[in-house]
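In the two complexes that follow, chain A is the common piece, with chain B as its partner first and chain C second.
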Partner chain A sequence: MSTDLSMNSSAADAASHSHKFLTIADAAAALRDGSITSVALTADIVEKATALNPALGAYVTITGDAALAQAAAADVAFAAGNDFGPLQGIPLAIKDIIAMKGAGTTANSRVLDPAWGAGTDAPVVARLRAAGSVFVGKSTTSEFALGMPDASKGFPVPHNPWDVERTPAGSSSGTGIAVAAGLALGGLGTDTGGSVRGPACVNGHTGLKVTFGRVPKSGVVPLAFSLDSIGPMARSAYDCALLLEVMAGYDASDPNAADVEVPKYSELLNGDIDGLKIGLPIPYFFDHDQLEPEVRDAVLSGVQQLVGMGATSKEMALPYAAEAKDANMLILGAEAYAYHRNNLVNRWEDYGNLTRPTLARGAFYTAADYAQASRFRSMWSAEVAKAFEHYDVLITPSAPSPAQLVKDMDPSQRLVQPSYTGHWNLTGLPAVAIPSGFTASGLPLSMQIIGKPFAEATVLKVADALQRVTNWHLLHPPVETLYATAA
Partner chain B sequence: MHSNEEKLAVVLEMSGITPPAEDQEAILRAFSTGRELSKLIFSVAQARYEEPALIFSARV
Partner chain C sequence: MPTLDSEAIVTGLLAAAQLTVSPQEKATFVKDYPLMRSNADALYLAELEFVEPAVTFDPTVYYPA
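And now, the complex of A and B:
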């Protein structure tokens, strides 16, 4: 792999101070050539996760003993010549709103019944287990995949490993932190308005929001049933492909699961994007006055690299982009409120102090608001489909700014700030967030690649093509300084 | 014209939610931004005659 040597000095410093971090693909190769065992890899990761959890808050529960047992089983299988595929023996993080045998599910909330999902694997977890994966533990989520941390509730507060004063974003905060800091080689997140892509963006790795229905979402505590999806998070697009080809596919337990063939995604990532047509939706996504120039410039630089590989790009417009973000928020709020209404009435103070007013917003929408947002959703999806008659992918920034300082964040501002991710939950389309560089101060930047329905292979192929000529996704935070903090 | 505080009190009573005083400011902000979102969604004339993206299929 050739590398882009144009990274700034802060990022280079961070890289030079790093531990050895493996991609899933690298670890899979090492497990097969005998240079590591899953037990050794898992023990190292469990040890790191345990040591750094006080500083980073990546995990609600670390299932160390069970993980080592899974790792030992993977090693025994290798020794016996039984190879269940690239995820065998690979340590993963499972977001704590997804059911997993051997660990409770909390949704980071005192409200969820501790018996929810007990003793069961969600179908997606069962598939990963059958593929020989190792589960390091249940990773931190924003409360019910929506709120912001409330330390008084007793759950770990997640921190960005690049700067612990900054947000790791949500809601799949823990998996995002774990991948960035080397506390798992990949994992599961869920995405309703950007909850896989946001953490991937600010923690400096890759995260894929899949087509609605691509991965069965039964066994997951719902946030908004018509927008929710489960997506892979990992250092590289290639690793996300390895995860997705196990995760995806029909399951009758989810009425929204799509009975659509699952390609061997990883075999389609060949670096060839010659003739690819890229649309750049300029209004709102590239010209908003709250979009930071460093973010925009990094995305456009990435697009130029893709053009240098044979793609073409053209500026275009998607009408009503600002309203599409609002429609996503409204539908999300209404569906989430319907799920939580009775508990908000009876157990208001059991919710976190920043979760409860956010959930209560759903009480302030009318049935007509929800129906009208759903009309808008139809119209906007049709507009996006029209655009895709001319383009293979659309590319935008993943977020208007790098990770914000937690002290400066105001949950009520989320509705008035621009956001570039919920649009694709509204349309159900696949979208991958990948690193696109670093700020002058050393914070990760990210770009988003959006594709047609079930075109995960295309968006991952474009992401992988860029990751073959850049190394942003391989850089990681200087976690050794955090060991001192944790100590 | 009723103030947002007065409208909020009515909506909270209807919904059965009884937030303590310490949450009133955050709830009022949530109410104001929520109603603003509604106005924006209804401002898009092109969406008026669309079939809502709500799916129901009759089945046996």
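And now, the complex of A and C:
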């Protein structure tokens, strides 16, 4: 893919490039032309992940020996002429709320029964395994995909590789860090209110929240049954397409899995967005007083680049956007509370100190509140569908600000801060977060592209078109300096 | 609207939920409760009077063919 390496800050100019930060597509090519083996690639990544884990907290468990065995099997298959597709021999991170053979699942919590999912692969993991992928390990998650890190509970505390004093966001923190820092070439996250897109946003890479039902979510510790999804996280949109075409598809073990044909996503990313109609929902998403100007300007700059490639954009409005954020939080809170209620009663202290109050808020809603939020969900989905009669995609910022300082974070903030991601869990629509630049201080910025149901190909195509003329997604944090920290 | 007695409401809700929390945690709940309540109340829109909820129940799924 061509890039003109356009950049907008001196901090980004200073970011270095390295062949160690391969995309999946690049690595797949290298594995096939013989310039690298999966064993060499995996050994390098396992070594780096092990060395940097004290500083970054990307992994709960690094399954180095098993990863090298998978890599060796991939190399043997290549040598025998057996090619199972672009993910063969590719090192990936699996979020630690997803079941994977050979490694326990903790959900980063003392509460989860260690026997949960033991010895099994979630369907999505089984598909990746069958495609010849290599699993570096189980990546850090916010506790039960909801809380904030509590160092006293004995699990790794994740750090943003661009600035370790800042949050890597959650809940798919570890996969986000791993992709950004070159500790995996891609991986799995889950997204209930933004947990794939948030880490992709602040760690400077690509993350796709899929249509509800697109990827079977059985084998995942639930957060909110009607909102959860599993999505790919990787450096580029093209890499996410490669992952999704393996991950997606019906599985009877998930009652919400959709029996909808899976396109060959990567073959649809041709850079042609001529005639694409972009809607920019201005109220709330672009004019909120808590939206930082650098975030907004970077998104609008990206939209202008898309317009330069033949798209059209128009400012529009989505009514009830503020209420939609609150409805997502309410439904998420109520469903999560139902799952955790008994453990909250009996094992309050075993939960992290910032997880348990967030979960307990679900007890403060009434059954009528939940039913009403579900009625609102119908109306909001209809409003968004009306908008999509006129547009192919909607574009918004991924978040109102770049990565926050950890010391400034407070769970109560979630009640008052705007959020731009949960809206699309409420509607079940696909939405991809991609890098859109850097702040003057060198922190990643991100934009979000939302599409119609099962239009993952469209949102990835738009993201890929932009990534053909920018290189934000290829820049990586200065992890070399963290080796000293780790030592 | 009447002013909420957040302290009393949160005390009652925590008791009903059988949750034993620290004084600091309770203080945060008391502080946050009015905003949580107003956010939930804001969803009781007049426009929703005839809207069905986005949850469905299908009795047939329990009777596989």
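Here is the rule we go by: the second predicted complex is superposed on the first by the 471 of 487 C-alpha atoms of A that agree within 3 Å, B and C clash if a C-alpha of one lies under 4 Å from a C-alpha of the other, contacts with A are read in each partner's own complex, and residues count from 1 in each chain.
Going forward, a residue touches a chain if its C-beta (ideal position, glycine included) is under 8 Å from a C-beta of that chain, and two chains touch if they have at least 3 such contacts.
Only a predicted model underlies this, so the values are computations on that prediction, with no experimental measurement involved.
Engineer: Kindly classify A:Phe144 by the partners it touches after superposition: chain B alone (first), chain C alone (second), both, or neither?
Structural biologist: So A:Phe144 meets neither chain B nor chain C here.
Engineer: After the superposition on A, what does A:Val416 contact: first (chain B), second (chain C), both or neither?
Structural biologist: both
Engineer: Based on the superposed arrangement, let me know which partner A:Glu323 touches: chain B (first), chain C (second), both, or neither?
Structural biologist: A:Glu323 contacts both chain B and chain C.
Engineer: Based on the superposed arrangement, let me know which partner A:Phe376 touches: chain B (first), chain C (second), both, or neither?
Structural biologist: A:Phe376 sits against chain B and chain C alike.
Engineer: Under the stated touch criterion, which partner chain does A:Pro255 make contact with: chain B (first), chain C (second), both, or neither?
Structural biologist: After superposition on chain A, A:Pro255 lies in contact with chain C alone.
Engineer: I'd like to know which partner A:Phe212 touches here: chain B for first, chain C for second, both or neither.
Structural biologist: neither
Engineer: After the superposition on A, what does A:Thr358 contact: first (chain B), second (chain C), both or neither?
Structural biologist: first
Engineer: Show which residues of chain A both chain B and chain C reach, each in its own complex.
Structural biologist: Residues 226, 320, 323, 326-327, 329-330, 341, 344-345, 348, 356-357, 360-361, 363-366, 369, 371-379, 381, 411-412, 415-416 of chain A touch both chain B and chain C.
Engineer: Note which residues of chain B are touching chain A in the complex, please.
Structural biologist: By the definition above, chain B touches chain A via 8, 11-12, 15-20, 23, 26-27, 29-31, 33-38, 40-44, 46-54.
Engineer: Hey, which residues of chain A end up touching chain C in the complex?
Structural biologist: Going through chain A, the ones touching chain C are 226, 255, 320, 323, 326-327, 329-330, 341, 344-345, 348, 356-357, 360-361, 363-366, 369, 371-379, 381, 411-412, 415-416.
Engineer: How about chain A: which of its residues touch chain B in the complex?
Structural biologist: 226, 319-320, 322-323, 326-327, 329-330, 333, 341, 344-345, 348-349, 353-354, 356-358, 360-366, 369, 371-381, 411-412, 415-416
Engineer: In the complex formed with chain A, which residues of chain C make contact?
Structural biologist: 10, 13-14, 16-21, 25, 28-29, 31-33, 35-37, 39-40, 42-45, 47-48, 51-55, 61
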